[in-house]
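Shared between the two complexes below is subunit A, which pairs with subunit B and subunit C, respectively.
The block that comes next holds the complex of A and B.
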């Protein structure tokens, strides 16, 4: 229990640190949303000045940080200047979509990476291993931006997949099976890009972890007892190799989040990515900070889940 | 292949690739910003060695494009008048490596425009833009790597050497930087910097930005190397003889970090090139008309370009051989550092 408590405290301080760091960065900003607003001749200087005081943008950074923390308590996460509403609902609506995309991609990536890595480790140096290693090598050097644009180009030219958004126009009128089909078709491309870009690193780690275990004496002994190949690999070897892989799970969440930022913008998936980009261009300060905070929360949550699984799987941690 | 020979081969290939990009002015037929308003969205032209009758020509030739009647951006090939490529022709002025003013280009075709990779909406030659864009993107990646590694070396060795609460503080800070998904971090900091800047300012901004965001991982690696080498017997002996801290760092400890720094560089360069590409693609990096591998792609964000002008995608493929080179280099360096694998 102590272990979990420690991890939680650690995660909490991490979040506090990140949020304070982002506020510190805002002090570097040479302009803000209202500077651009005051250039607009349709808005009177008094209005701009009133808005400035209302949002307290000219206050010292510590005061603004304090007000922001207070607004978290209200569940607001600050205020979006551009939308004229609390930032949290905006962010949350988009974060849900990002979460959907990345979690589907995470699950799929692991479902593919595990058997592929194990198969490759089992046939080390032989044809399947060489095939898998070179395929992952190829994927490793193609950046996700190129992959996303290439697939989009393919989709546009063949018309096999819809080329943007989450659902088609007239989604409401479809039957429930039609809705499912439509949603899956829209997800296919972004998920493919994410899976393909995260896959090579995972497969290589699974292969490395498994190769290390497969040479162990107890496995040869088990083999000599006539235990079947499948049981040997998945019941005996995989749990022994799982420790580094579970830690890798937390790390893979971070990679997928960064990848999903680009994929969302390219494929116009209504996630955090496009919102963040919009907010940056409009200097919508709190939305930017909120977006960064949410992505950090996801990453920290991914690491916490990895820690919890480790705690559950590995008795050494529970004892220590 | 023995790792030593692999390393040399890999370095030679990477060197050749960088050479082509560094000499972009010579290898490209046109100025990257020169507009040909009469030739918007010209498709890529193929070089031929065999003519229609099947005869071989030593000097490659191509069929010039002609605008279709009544269209502003549809072309057909004029197969009746093949134009031979000329080599070492005089063309637009450029400065080789930014220093030597020259006018000689590797190839050209006189007054007939040749677009090996097609042209963009202003009729600018994509092949030339690809080569010149590489200069920006690669230079950004290399400089940012240098910056990140210098920060990493400085902070990592300081943390390890000083120890105590200062070490603790620096490493907690590094953890903060590592905890953020790094593209989000890059975006966030970019958000607080001015948006409308000149190309040179934007370039420097990006280099400094990427370099500052990237210090954490190298710093942690270097710290661990310094920590282990600090306790070596010969370092202790030197300290026993009264060597000063800075002498120990310079003379005994930092040389140990060399292989880690080199391997990190080979890993980081492609990552940082990609960071520049991503930022410029999204309009947060180097702006038009200066080409970079990122802003060459940004026209693909328009649906009409995606459907009709697929060749706008081609210039960005130039990154792939570079990334392959750096990936192989990194693994060769790693092998060398660890000794032969069993």
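The block that comes next holds the complex of A and C.
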């Protein structure tokens, strides 16, 4: 309990620190939304000045930070100048789409990486291992941007997949099976890019963790007792190799909101990525900070989850 | 006529590892190079050799934990070198192995009775309750207190851990135990205790031992037959007495000189 409490306090201070720093840095960046606005000849300087006072952008940093924190208490996360509405609902609507995409991709990645890494470790130095290692090596050197563009090209040329968005026009009119099919087709390409870019690292970690454990004497002994291959690998070796994998899982959870931003922009997935890109270009300050904060919350929470799982599976951590 | 099979028979066993691309070495190195041996029921064969002589590789092949390159192996008349891994599994109870380092050969997070019951769980023998009762009996049989079962591996000394390993190896009622340098990591007095435990077990339940060591004197103390290994081959074999009193091969003399010997080193071996 004490351990959990300590971790929570730690996480809280981390969030406060990140929020203050991201606030500070974004306000230190040159220019703001109203500077852009005052370049527009159709808007009178008086209007811009009035808006400036209304949103309080000329007040000292600490005052603005205080107001922003207060707005969190209301569940607003500040105000979007561009959309003229509180930032939180905007962010949340987009974050849901991002989460849909990334959680499907993350689950798929793990489901593929675990057996593949184990298979590779089991056949270490032999053909399957060499094949897996070379394939992941190849994937590792291809930037995901290139992968995304390549798949888009494929989609355009073949017409098998839609080239962007979450659903087709007229989605509402489709039957429920048709809706499902449509959603899966739209998701297929971005998910593929995300899986292929996350896979090599994960496979290699699984392989490394398993190879280390597979040399252990007690697995040899279990083999001598006549254990089956599947039980040996999945019930004996995998739990023993789980430490680094649990940490990695925490990281996977942590990057659910921030790992797909570029892919979303390239493949026009209506998630956080395009929203944040627009917000950054338009100097829509609070939306940017809100996006950073949401990602940070996920990252901290992911690590916290990993720590808690480790605490739960390994009695040694409880003692230390 | 009812023929009595040897507990273990090995014929022309060869194991070679593809050698890594390295300095000067071309082709392949034979870790075990045509070894034949056999062990009669309720007897002990000691396999003695320097490190690197191939004795551990031989042990792993005999226990079917490594696949030999060629050669045949029988466990109590069953030719296991012909079996697939799957067909071998139920027969694994015939032969058990005890490793050099008991700490790594057992799961450190488990209790002693979990460890000892593990082979029964794997082979799906007995009910859950009987498995643990059996484990308790085995722990007592190897000289551990009745309270030992509930303790975790970390709470035991090296000698006690090796006792637990022996109890685990006995769990399936194997007729042959392979001990791969099983005493080497222990200090002298504990070595003697475990050696005596093994002799007692052999007397009471008629198991055979394949005792692998670099210590020729210890080997002669425990074994009926001694075989000396050098560079993958058996270079000298005979009864323990013969080998230790009249060592023929140079390797044997060297091992004798290097042995932990309790004043039994012969004068000529000292010169070697």
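Operating definition for what follows: the second predicted complex is superposed on the first by the 310 of 320 C-alpha atoms of A that agree within 3 Å, B and C clash if a C-alpha of one lies under 4 Å from a C-alpha of the other, contacts with A are read in each partner's own complex, and residues count from 1 in each chain.
Following the convention adopted for this analysis, a contact is a pair of C-beta atoms (placed from the backbone, for glycine too) under 8 Å apart; a residue touches a chain by one contact, two chains touch by 3 or more.
Note that the structure is predicted; figures quoted are calculated from it, not measured.
Undergrad: What does the overlay on subunit A give for subunit B and subunit C, a clash or a fit?
TA: Fit - subunit B and subunit C, as placed by superposing on subunit A, sit side by side.
Undergrad: Please indicate which partner A:198 is in contact with in the superposed arrangement: first for subunit B, second for subunit C, both, or neither.
TA: A:198 contacts neither subunit B nor subunit C.
Undergrad: Counting only touches as set out at the top, which of subunit B and subunit C does A:139 meet: first, second, both, neither?
TA: Once the two structures are laid over each other on A, A:139 reaches no partner at all.
Undergrad: Please name the chain, subunit B or subunit C, that touches the greater number of residues in subunit A.
TA: When the residues of subunit A touched by each partner are counted, B comes out ahead.
Undergrad: After the superposition on A, what does A:288 contact: first (subunit B), second (subunit C), both or neither?
TA: A:288 sits against subunit B, while subunit C stays out of touch.
Undergrad: Students often get this wrong, so check: with C-alpha centres, what angle lies at subunit A between subunit B and subunit C, to the nearest 10 degrees?
TA: Between subunit B and subunit C, as viewed from subunit A: 90 degrees.
Undergrad: Of the two partner chains, subunit B (first) and subunit C (second), which one does A:25 touch, if any: first, second, both, or neither?
TA: A:25: touches subunit B, not subunit C.
Undergrad: Tell me the contact category for A:224 with respect to subunit B and subunit C: first, second, both or neither.
TA: In the superposition, A:224 touches subunit C alone.
Undergrad: Between subunit B and subunit C, whom does A:300 touch in the aligned arrangement: first, second, both, or neither?
TA: first
Undergrad: In the superposed arrangement, does A:216 touch subunit B (first), subunit C (second), both or neither?
TA: So A:216 only meets subunit C here.
Undergrad: With the two complexes superposed on chain A, say which partner A:257 touches: subunit B (first), subunit C (second), both, or neither.
TA: In the superposition, A:257 contacts subunit B only.
Undergrad: Aligned on chain A, what is the least Cα gap between subunit B and subunit C? Give it in whole Å.
TA: Nearest C-alpha pair, subunit B versus subunit C: 8 Å apart.
Undergrad: Take the contacts of subunit A with subunit B and those with subunit C, and give the residues found in both.
TA: none
Undergrad: In the complex, go through subunit A and note every residue touching subunit C.
TA: Against subunit C, subunit A makes touches at 216-218, 220-229, 231, 236, 240, 315.
Undergrad: Which of the residues in subunit C end up touching subunit A in this complex?
TA: Where subunit C meets subunit A, its residues are 63-65, 85, 88-93, 95-97, 99, 101, 104-107, 109, 118-119, 122-123, 168, 172.
Undergrad: With touch defined as at the start, can you tell me which subunit B residues reach subunit A in the complex?
TA: Those residues of subunit B that touch subunit A are 172, 175-176, 179-185, 187-195, 270, 274, 277-278, 281-284, 297, 300-301, 303, 306-307, 310, 313, 316-317, 319-320, 323-324, 327.
Undergrad: Using the touch definition up top, name the residues of subunit A that touch subunit B in the complex.
TA: Against subunit B, the touching part of subunit A is residues 14, 17-18, 21-22, 25-26, 28-31, 137, 140-143, 145-146, 149-150, 152-153, 156-157, 163, 254, 257-258, 261-262, 265-266, 276-277, 279-281, 283, 285, 288-289, 291-292, 295-296, 299-300.
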